[in-house]
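Chain nomenclature is as follows: A, B, C and D, assigned in order of appearance, with residue numbering initiated at 1 for each chain independently.
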């Protein structure tokens, strides 16, 4: 309960502070043009942005998902002893195969 | 009360200067901006003073006006024609103090009209016909096209960068088509301004690359002739970038750091840049000494 | 408190379909999940609750990236409608709501309060290493299959060359020209400056 | 007690931010920013632009709230402290992305996507080193992690932990070699279109995050409030300040490579290293 209230409290505090400190923005048209060192753009910058490491982000999600199993595992590691070590070793070995495969396919770089 | 303190502190802060560098003045400006009381702003939004060094050709006045208007108010423009560093540094601090004391600063130079006419067709007035049509908020949207790397046909963003972009050599106007952050096409719209041989000095060339690597303090030290204090400098530049005459960008940086002048044959920029990611492209350009770049761009422009 | 968070979750969930921008939609959905995670924390499931927040922050970030990448008008510069098949979706939504509410109201809910001071995270850990070990290891293999599948489907270049090497897109008309990118002109395959690093 | 802890978090955040500004020599320039106009770009996402700095600041405060100021005493006394901190890291990536997305301008947009590419995978080493620290404590709570360091600090027991976590700290505070969001080649990236008070607030939030992540690192690796003679909070402040100075120093001295290479380094070098760190921690804990 306290955790949730504290988190909500800090968020509200920061938002109020930011609103108070940041004045309303205003600009004339030439000021509002995006900065390009004196150059001009042809179009809006918002676009279907080609995020180059897209394969990496998919692999990352899968990896992140299983990392979530590791937190409860860490708590009982000492009390479960060698069994926990073996089981997590197996789990991580399976996942490392995925990383090795991704590396071999060259997904950890800009496509 | 709080406001007076704020203004007093603001007057004592290093003067944030954005430099628009003209023909022949690159080396002098780069040396000037390493002085302790001055701060080299990387974007006009962070600057209060626009320093215009040298005589700009009339073709770049429009860009200068655009740049001037992008500085937040209050702002001041200073022109620097002679080479006296002491005098201009003093003028900059005086101008900053005047701004802090409540001087009005300069008005916009360009008219306050949007880039394109707004076409109020959509139900809310800002759009065109269909999801991708029209000029919402005064500009069209990017459209899909071919990609040079993985063949995924997403949007292409075309823009001109320069002539006063902080990461490009002064005077160079590049028209680039980006897909994501990878350059698909590049063409030289205006060549860099001519610079004397002094701009090829190893310390200055090394400092330009160091700034791109995020080592501003180290770059200032190198220009002032002090030993470099930084780690993993040459290693951070990828191998094989802009390989010309058997030297790549990393080789040239290490030569400059050992105070050796580098000469390279002028490359074909329009062929060199496409296919590289934006930060690689900027490293490629910074790894070419200004003299080679100027000759390269002139050749491309003529062709 | 729980009711407020639940209301916030529903409101942000509704916003997902009312905003024009894909980025706003993704992160509205994230806020909805964050408040669900906070409800989990309040229901004495601290690990599950906070892990929900963690996972959803990451996943909605990736979702925003892909939404912007592939959707038309991703920033909502032109106004648009984010929902399709209005009637069907409204009917499905109402039906699901009624069904779930009925299930909640009609089924006898167990009352099994968590004893004060019990370590729920450790219990979860013992469960994973004991009775649910098979589930846990199966999840590992499933995720490996996910990884391999995602890489195969999304990556063009690979160990054995480009994924579409030698493939031919389907015809637009019977016996006509292939649709889309033509085999051989493969934007990028031929002139790859960066294959080496 | 709670009120006292709220005050402690606030005071630490405020004092630490001022200290960080002095270390960065940014105090006077930040004050000067407040005297200038705040410009607005064409058709921006106003809500996200205004809120991103606030979220960043809030995440710094939340992160600092899980740190125990004295043994057994934290504002958020949660059994899953390091998971809360992990969520803060994940939300920092979202916040920086929104900061770059919202101005509708090319350089901030490139910065935002670059940061997403680097900020997401950097969380994996971060999770591994924090889980490694949780092994000997048999708990995810930072209070228990402090208790587990009464005999020997984690920095000695798990030698790979602190160096790896410092890399994460650089990425979370947009600093030096990991500053892919606000790099020089894109004219300070996500901040390129911000001026005046908005720019100042974003920089302040960055500094506040430096305080927060240094306090977490001091707690997890340097025993937090543990130490002889002086009271707990003083030890925590001293260790936090030392780590802040170290982070700033590294950030100013190490070159930033291209995002493409850094991505490969993250997966191929840092991730296996953090694997190794976990194995070392596991064997030591048994």
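Rule of thumb we're sticking to: a residue touches a chain if its C-beta (ideal position, glycine included) is under 8 Å from a C-beta of that chain, and two chains touch if they have at least 3 such contacts.
Values in this document were obtained by computation on a predicted structure and should not be read as measured data.
Most remote from chain A, judged by the distance between CA-atom centroids, is B.
In terms of C-beta pairs in contact, the better-connected of the chain pairs B-D and C-D is B-D. Taking each chain's centre as the average of its CA atoms, chain A and chain B sit 30 Å apart. Chain centres here are Cα means. That of chain A falls 14 Å from that of chain D. Looking at chain D, one finds that residues 37-39, 42-43, 78, 80, 83-84, 101, 104, 106, 113, 116, 120, 123, 138-140, 187, 192-193, 196, 259-261 touch two or more other chains.
Shared interface positions of chain A, defined as residues touching 2 or more other chains, are 3, 7, 31, 33, 35-37, 41, 44-52, 57, 60, 63-64, 71, 74-77, 79, 99, 102, 109-111. Multi-chain contact residues, meaning those touching two or more other chains, occur in chain C at positions 46-47, 51, 54, 58, 62, 65, 69-70, 72, 75, 77, 119, 121-122, 156-157, 194, 197. On the chain D side of its complex with chain A, the touching residues are 2, 6, 37-43, 46, 50-51, 53-55, 57-58, 61-62, 65, 75-78, 80, 82-84, 101, 103-109, 113, 116-117, 120-121, 123-124, 127-128, 131, 134-136, 138-140, 187, 192-193, 196-198, 200-201, 259-261, 263-264, 266-268, 271, 275, 282, 285-286. Contact residues on chain B toward chain A in their complex (touch as defined above): 20, 43-45, 60, 63-67, 69-70, 72, 108-115, 136-137, 139-142, 144, 147, 149-150, 152, 154-155, 157-168, 173, 179-182, 277. The touching residues of chain B, when paired with chain D in their complex, are 6-7, 9-10, 12-14, 16, 39, 42-43, 45-46, 48, 70, 72-74, 100, 115, 136-139, 157, 159, 165-167, 178, 180-181, 210-218, 229-233, 235-238, 277-280, 282-283.
Residues 69-70, 72-73, 77-80, 156-157, 164, 181, 186-189, 191-194, 196-197 of chain C touch chain B in their complex.
Those residues of chain B whose C-beta lies close enough to touch chain C in the complex are 122-124, 126-128, 130-134, 136-137, 141, 146-154, 238-240, 274-276.
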